[in-house]
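Should a chain be cited, it is by its letter among A, B, C, D, E, F, G and H, assigned in written order, with residues numbered from 1 in that chain.
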Amino acid sequence: MKKLMKGNEAIAEAAIQAGCKCYFGYPITPQNEVPEYMSWRLREMGGVFKQAESEVASVNMVYGAGAAGVRAMTSSSGLGIALMQEGITNLASTQVPAVFLNVMRGGPGLGTIQASQADYNQMTRGGGNGDYYLPTYAPSTLQEACDLIQKAFDTAFKYRTPVGVMVDATIGNMMESVDIKENVQPDPSIPDVNEWCIRGGRREDGSVHRIKGLFNVPEECEAFNEELAKKYDKIRENEVMVDIKDCEGADVVIVAYGTTARIAKQTMKLGKENGLKIGMVRPQTVWPFPYDELREACRDAKGVLCAEMAIDQLLQDVKLALEGTKPIATYHRLSGVMPSANDMYDACVKLAKEAK
Amino acid sequence: MKKLMKGNEAIAEAAIQAGCKCYFGYPITPQNEVPEYMSWRLREMGGVFKQAESEVASVNMVYGAGAAGVRAMTSSSGLGIALMQEGITNLASTQVPAVFLNVMRGGPGLGTIQASQADYNQMTRGGGNGDYYLPTYAPSTLQEACDLIQKAFDTAFKYRTPVGVMVDATIGNMMESVDIKENVQPDPSIPDVNEWCIRGGRREDGSVHRIKGLFNVPEECEAFNEELAKKYDKIRENEVMVDIKDCEGADVVIVAYGTTARIAKQTMKLGKENGLKIGMVRPQTVWPFPYDELREACRDAKGVLCAEMAIDQLLQDVKLALEGTKPIATYHRLSGVMPSANDMYDACVKLAKEAK
Amino acid sequence: MLKEVIFSGFGGQGALLIGQVLAMAGVIEDLNATYRPTYGFEKRGGVAFCDVILSDEEIGTPVIENPEVAVIMDEASFKRFEPLVKKGGAMFYNTSLISSKPTRDDIEYFEVPCNDMAKELGNDKVANMILLGAYVGYSKAVAMDSVEAGLKAKLGHGKEKTIPLNRKALEMGAAIAAK
Amino acid sequence: MLKEVIFSGFGGQGALLIGQVLAMAGVIEDLNATYRPTYGFEKRGGVAFCDVILSDEEIGTPVIENPEVAVIMDEASFKRFEPLVKKGGAMFYNTSLISSKPTRDDIEYFEVPCNDMAKELGNDKVANMILLGAYVGYSKAVAMDSVEAGLKAKLGHGKEKTIPLNRKALEMGAAIAAK
Amino acid sequence: MFIVKVNPDYCKGCGLCIDLCPKHIMAMTGKINDKGMDLAECAKPEDCIGCKSCAMTCPDAAITIEKQ
Amino acid sequence: MFIVKVNPDYCKGCGLCIDLCPKHIMAMTGKINDKGMDLAECAKPEDCIGCKSCAMTCPDAAITIEKQ
Amino acid sequence: MGEMIYKRTDFLKARPTHYCPGCTHGLEHKLVGEVLEELGVIDRSIMVISVGCSAPAYDYANVDNIACLHGRAPATATGVKAALPDSIVYLHQGDGDLLSIGLDETISAAGRGENITVVFANNNIYGMTGGQMAATTLIGQKATTCPAGRDPHLDGYPMKACEMIATLTAPKLVARTALYDIPHIIQTKKILKKAFQNQIDKKGYSFVEILSTCPTNWHMSPQASMEHVKNEMEEVYPLGIFKDED
Amino acid sequence: MGEMIYKRTDFLKARPTHYCPGCTHGLEHKLVGEVLEELGVIDRSIMVISVGCSAPAYDYANVDNIACLHGRAPATATGVKAALPDSIVYLHQGDGDLLSIGLDETISAAGRGENITVVFANNNIYGMTGGQMAATTLIGQKATTCPAGRDPHLDGYPMKACEMIATLTAPKLVARTALYDIPHIIQTKKILKKAFQNQIDKKGYSFVEILSTCPTNWHMSPQASMEHVKNEMEEVYPLGIFKDED
C-alpha cells in the first residue's frame, strides 16, 4: 500500500520489514528520524533499539549483533561514517554482515546539514585500512531506497559482508509516496547463519565459532585476503545494478545517481523539448560500479556529463569506465545547493557542441 | 652525519628537526617507537609530548595545536588512521596544518602487525566525508622518509592542510644509515601563521580568528568548497613528486612505491642481467598522483607492471594515468609476506611476452 | 496535472507544516506528491522552506527551481524567492511581517496579513493555515476537505479539537485568493 | 662487498639483538647497512627473525629472499629457513635446542650448541652472541672489534661491565667457524 | 533613577526578566521584531530599583542598565 | 597420596607454583621445552598435601592433581 | 549621561544568537564573558566550542575561538593549551558532547589535569539534533528516541558528571550549579570565577556543570523550564561543590 | 586410577598460550573458566575478547568467541547481548583497552546497565604494544612512553576504574581483587562467581577489576611482580567491593 512517508522513516520501516532486529545508532542530522523511528517501532516489533554513546560504539554494537547472525544496522551521516571506518573494515575482515545507511550532508568536516553526495569516496574507497570494500547501494527515489535497503540485508548475509546504502539528505528528509514491501523473507540462497555465527558454548562436535580478524602469521592473513578478494570478485560479477535510460543514439549521456539523477531526468525532458538527445546511466550500486555497462551505454554518445553533488568523485569511476574513449564534462553543486536541471542542460548543450 | 637508526625513531627525529613542537599519539604496532622516542626527545627539545587516550583524541589534539599555528603531528597505523578520518576531514575543512604518519600494517581490520601497503585508498581517498584530500608522501628509504616528513611540514603550512606520510612497517621497523637534516628552517614562501591562527583574545583591530568548518548557509559552504578545490588544484600543480628510472626504451615499466620499489630495484637488476629492459616509476607523492609523468614515462613500454603490497589499490591510479593505452599486469604480496624480486621479475617477463 | 509550490518562512512559523499538509492532501486525492524541506541550525528564526509538488504523473525531481507559486511568510523569504517565481506565477506574502514591496510585473501578488488575521481568529498559531488556504483557494490543487483530512493525519490523535479553528483559517485564506 | 644474513629464533632468544649489533658494526666500518626485523605478538616464544645486509654500495631492497647465511636458534626457524639459504651458502644452527638434521648438500652447516656453551660461560643470555661470533668468524663481514663496539653502542651506558663476557662469547663462536 | 534598556535585536521575549524582576515592572511590549520574536521592556522605569536582576538573568544579554 | 602433574606443553617455568606451595616441594626440573621455557615439577610427591595451591595459582593451567 | 551599571559583556559580539528564547546557553556564555572580563584575561582567552546547540558560537565569541568536532573539545583544548600554555581556555560543552560521544576525552583530559576550564551545559537532552535522549535524560522524561519516557531497563540511568570526575585525582574544582534565580546565578558566576582563576594560576583542571534548559525540546516555556530545573533536575543532580582543592 | 581433584578447566582449549611466563591474563581466563563451569553455563558462554595481550585468546577460549576492536569490547558485548539475551558474556579487557581508548564504551555500557560481566586485567601498562604508559601506570613507574617514570604534571594521575564506575546507578557489582596469594585467588573466584551469577539472574552489569601483572614490561620476575602488586599497586588501587546490590 502506498503511503506518504518521510524518507528516513520509510527507510527505517523498510529495514524492519526486511527482518532488521537490532538497530544501534547515534543522532546526527539529517538522519535523526531513523533512530527516532526505530526507538519505538523496532521495539514494538520485538527488536532491540539502542541509542549508542557514539558512532564508534554503534558500529561495534552492530558488530556484536551481526556476529550472532542477526540482521543489524546503523545509520549516520558522513561525519559519523568517518568514525565508523575502523569498525567497517573490522566487519569486512571478520566477515560479519550488517547494513550501514549514510544520509549524506555537506562536507568536508562539519560542513552543512543539507544534501550532498560528497561521501562517494568515503563509501566506495573505504577509509578503513586494508584491502576491503563496502558494497554500496545508491537509490534515487524513496521507493528505491526502501527496496534497496531491503536488498542490502540480503547482500550482507549472502556474502557475509558489511553493506552500505547511501542517500543524499534530500532523500532522507523529503516525503513521498512509497509502497514498502512487508515481511520480506530472506533470499533463499543465503547460507545458514548457524554455519558461522556465535550462539554461546560450542557445537555438538565440540567446535567453537570464532569471529576474528587478527592474524599472527602473515601467510595466513595473506591467504585470507586472497579469499576475501575472490568474494569481492563474486560481488562484482553478480551484484552490479544500473539503470540505463535513452542511451541508444544519445548525443550526451549523463552519469548521475541519487537525487542528482532525478534532477537529470528533468534535464532529459528539456533535451527532448529542445532536440538534444540525452541519455542517462544511473548507477544503483556505486561499489561494485557498473564499469562495463557504462562504457557500453556511452558507445553512441559524443560526450559524457558526470553530474554529482560533489567534486569529481563519481568522476573517477566514470573515467575508469571510459578509459579516455569519450570526452567527459562535469557538473556539480555542493553542500546543499541543489543542482539545477537547467544548468545541467546547458552543460549538455555545451558538451555536445564541443565534442561535435 | 650518517647514523644507523631505526626507521620510526629516525622519522621522529627528522620531524623534530623540522620544527615539530607538539606530538600527540596513541601506541600501535608497528610505530610504537615514534611516541616512545617523542616522549623523551621532544620534551628534551622543549616541545610537548602527550600520550593521547586514543587516536580520535590524538587527531583532535593535533587540531588544537595546529590551529595555534604550531607544527604538530601524530602517527599511527591503518586502524588508528581509520579512527582519525573524521579528524582529518575536519582539519581539511578548517584548513589547519598538521602531519600524519601512517606506518602501514596488514589489514583489513586488525590484520597483522607486519608490513603492508593496503592503506593506499585510506590515505589517497580519505574516508572522512566531503570533498577533501590528504596530500601524502610515500618514501622508499629511511633517508627519504626523513627528508619527506620534513617537507611534509612545509607543505602542510604552505597550503594550510593536513598532510600524510605513509610508509610500510618495513620502513618503520628497519634500521639503516640516515643523515637527518638538522634544525631545518621553514620554507620562506610559507605565509605567516599569525594571519590565521588563534593566539587568544583579538587582534589590535578587534578582529578575532575563528577556526571552524561548520556552515549554516549552504551557499557559503559551497563557495568554501570551491576555494578548497582550487587549493587542491594548486597542490596538484606544484607538489607532485616522482622518481623515474630507466624508462626510456624500457620493455616493462614497474610502478611501485615504498619498500616494494626497493624490491623492484632488485628486479630491475635481474632484468639487466637477463636482457629485459625494466624501468620504474616510483610515485613519491601518492596524492597528488603523478598521472602525467607516469603516462609519459610509459610511452615506450610494452606493458606496465603495477606492484604493491595491496590488491589493486595503486592500480586504480595507474589505470587513471594510462587510460587504457598500455597493457597492465599486477603483482602483489600481502599482510607482511614480502614481495619477491624474483617473482616480480617473472611477472615482467610474462608481461613482456604477452604484450609482445 | 502538475503543481509546484514553495512555502517559506523562518523557523517556528510553520511553513514546513503546511507544506506537509498539502502533500498529504494530495496523496489523499491519489496524486503523487513530494515534499522537500530545507532548514538550518535554528529551531526558531532562520529560513525554513519546502518544495511541494503534486502531480498525477510520476514526479521526476523533487527540487523546484522556479515555482509556479511561492507562499512567503517573512521578509528574508520574500527576498530569496521573489526572483525565482515562474513568469505568470503567483506569490502570496504575509504582509503582517513583510515590509518589502513587489518588484515584478510578470507575476501575480496576493497580500495576506496572516498574523493579524490569525489574531482575529484568536490564535496566532494558525497564521500558516491561512496562507495554505489562500494557496489552495488559488491553485485548486486539492479540495479543502482533503487539506483538512491531511491536517488531521498530520496532527494525529488528541489534537482533533483544533481542526475547526484550522478549517476556519483555511477558508479565510481561500477567501483572499477568491477576491 | 655484499653480505646478506638472516638471524632467527623465538622471541626472547635475542636473534634480533645480534642482527642489530651486526648492522651497527657494519656502520662503524663505514659500510651501508640495513636491518629488517620480523616478529609476531609474542614477547616470548613465536618466531622473531631479521635480515641484515652489509654492503659498500647503496643497498637496494632490505629484504633478503635467499640469504647467503642463516643463523638459526630454534627448531621452527630451522624448518623455515633451511630451504631458503642460497646454494653454496651456510647455516649456523643451535644444536642445544634443535633436533632437526640437515637435509641439503649444497650448503655448509655449522653446529653451534650455543645454549650449552653459554651455560659453560656461566650466563644463558650470551647464547646469541656465540652465534653472532660464529657468523662473523665465518663471513669476516666485519672485524670482531667492530662487533664489540656495535654491542657497546647498542647496550648503552651502565651495561659496559657485560662487555668482556660478551666478547668471550663472540670469540667462542668465531672459534667454531674457524674449525 | 535607572534606565533599563532592552535591545530589540537581541531580545527574544523569553520572559525570564519579567519573572525575576522583584518590582514586577518588566513586561512584554506586544511588539515583535522581524524574526517574529516578542520584545520585553521595563514598563515602569520609575519603580526600578536598579537591582540588575533582569539584566543578569537575560540569556541574550539584551538588557543594559544605566543609573541617572 | 597426590599426583601433581605438570604439563610440559603448558608450563612456562614462571615459578609461581613454587612460591605458593606451602610444602615447598614444587621446583624447577632444569629441563626446557622447545620454546626454551623452563619446566616445573612436584619434586617430592610424597610430601604433597593436595592443597591445590600450585594448581590454583598456575597461570597456564599446567597443573592437574589426582588423589590416589 | 548616567553611569552604566550593567552592560553587555565585551566577550560577546554585537549580534543576536540563534538560541531559542530562554535557552541558557546564551546566559552561560554571558556569565563566562563577564568573569573573563573581570579577571582581565579577555585578551588571552580562547573559546573552545563543542558541537551541540552552541556550535555556532563562533559567531558570538568576541575572542579567538576554535570549533571542535562533536565530543572532542577536551582533546582539542589539550592541543590548544599545549601550543599556548598561557592562553585561557573556555570549553563550553553539552551533555551529548561531554558525556556521550566525548566521555573519553572528558575524563581523560580531567585525569591528565589539563589546565583548562570546562563549562558543562547539562540540559538533559540533545538540543541541536532535535531532542533525542541524552545520558543525562531523567527517568520518565520524554525525548524523541524515548518517546514513552526514559525507561532505565531499556535506556539506562542518568549519568552524573561531577560525581564521576570527582573520583579523579587531578581536578581542582568540580561543581554543579543552576541558574533559576538570582542567588544561583550569582553563585554560578562565583564558581566560574574560581574555575578560571585556577587556570590563570596554572593549578589545573576545573569543571563547572550548570543545570541548563532546553525550552524547545522540553516543550516547556522558559519559565516552566527553570521550574523544572529546580523541581526535577536538581533532585537527580544535586547542586554543590564536589571538589575544591588548592 | 585416582580421583581428579584439580583439572584444567574445559573452558580452555588444549593448547599453550602465548602469554609470557607468570602473566596473570592466563590465570584470569582460568578462574573465569572454572566459575563458568561451576555455574553450569559453559554451553551458553561467549568470550568477548579485547585488544591487548589477551587479543589472541580466540585461540584459547573453548567456547564461541568474538575478538573486538581495541577498546570496543563493551559496545560489541552490548550488540552480542542484544542479539542473544540468554548468552553469558565474559569480557576480558586490559587497562589501555578499558580505561583509555575504550573508556566511553566502558562507562556507557555500565551506565546502561548492560547485563554483562567485565573482567578488567589492570596491569598498569600496555603489554601488547611493548610497555607504554597506561592511564593506570603508577606515579614514578617507568614505561616506554615515560622512560623517566610517570610524572603527574606531564602525564596525569592514575585513573581508578572501580571508583568511577561505582558512581553509576546501574552496576550491580563493582569490585577490585588481586591474585598474589591463595586467599586472594579464592576471593577473586568468589567475586567472579557472584558477577556471573548476576548475569545469569539478569540483574545487570558487573565489573571485576583484577590487579594483574606484566612481568615482561615491568622487567620483574613473576614473583617480584606479585610482590609489586601487593606492595605498590594495592596502595593506589585498594582492594574491595565498591558496590554490591541485589
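To be clear about the criterion, a residue touches a chain if its C-beta (ideal position, glycine included) is under 8 Å from a C-beta of that chain, and two chains touch if they have at least 3 such contacts.
The structure displayed is predicted, hence computed values, not measured ones.
Engineer: What are the mutual neighbours of chain F and chain G in this structure?
Structural biologist: Touches both chain F and chain G: H.
Engineer: Spelling it out: a chain qualifies if it touches chain C and also touches chain F; which chains qualify?
Structural biologist: In this structure, no chain contacts chain F and also chain C.
Engineer: With contacts counted as C-beta pairs, which pair of chains has the highest total?
Structural biologist: Chain pair with the maximum contact count: A-B.
Engineer: When the centre of a chain is set as the mean of its C-alpha atoms, what distance in Å lies between chain D and chain F?
Structural biologist: 35
Engineer: From the mean C-alpha coordinate of chain C to that of chain G, what's the distance rounded to whole Å?
Structural biologist: 39
Engineer: Using mean CA coordinates as chain centres, what's the chain D-chain G distance in Å?
Structural biologist: 61
Engineer: Find the geometric centre of each of chain B and chain F from their Cα atoms only, then give the gap between the two centres in Å, rounded to an integer.
Structural biologist: 53
Engineer: Two-or-more-chain contact residues of chain C, please, as numbers and ranges.
Structural biologist: In chain C, residues 40-42, 44-46 touch at least two other chains, as defined above.
Engineer: At least two other chains touched by the same residue of chain E: list those residues.
Structural biologist: Residue numbers touching two or more other chains: 12, 37.
Engineer: Could you tell me which residues belong to chain G and also touch two or more other chains?
Structural biologist: Those would be 18, 20-21, 51, 55-56, 67, 69, 100-101, 103-104, 108, 112, 128, 130, 135, 155.
Engineer: Among all the chains shown, which pairs meet the touch rule set out at the top?
Structural biologist: A-B, A-C, A-D, A-G, A-H, B-C, B-D, B-G, B-H, C-E, C-G, D-F, D-H, E-G, F-H, G-H
Engineer: Going by the contact rule at the top, pick out the chain A residues touching chain C in the complex.
Structural biologist: Residues 2-4, 113-114, 170, 173-177, 259, 262-263, 265-266, 269, 336, 338-342.
Engineer: Flag every residue of chain D that touches chain H in the complex, lowest number first.
Structural biologist: The touching residues are 41-46.
Engineer: Could you pull out which chain F residues touch chain D in their complex?
Structural biologist: Residue list for chain F touching chain D: 12, 32, 34-37.
Engineer: What does chain G use to touch chain A in their complex?
Structural biologist: 51, 55, 67, 69-71, 96, 100-101, 103, 126, 128-130, 132-133, 135, 144-148, 154-155
Engineer: Would you mind writing out the residues of chain H in touch with chain F in their complex?
Structural biologist: By the definition above, chain H touches chain F via 1-9, 12, 15-17, 19-27, 30, 179, 181-182, 185-186, 215, 221-223, 226.
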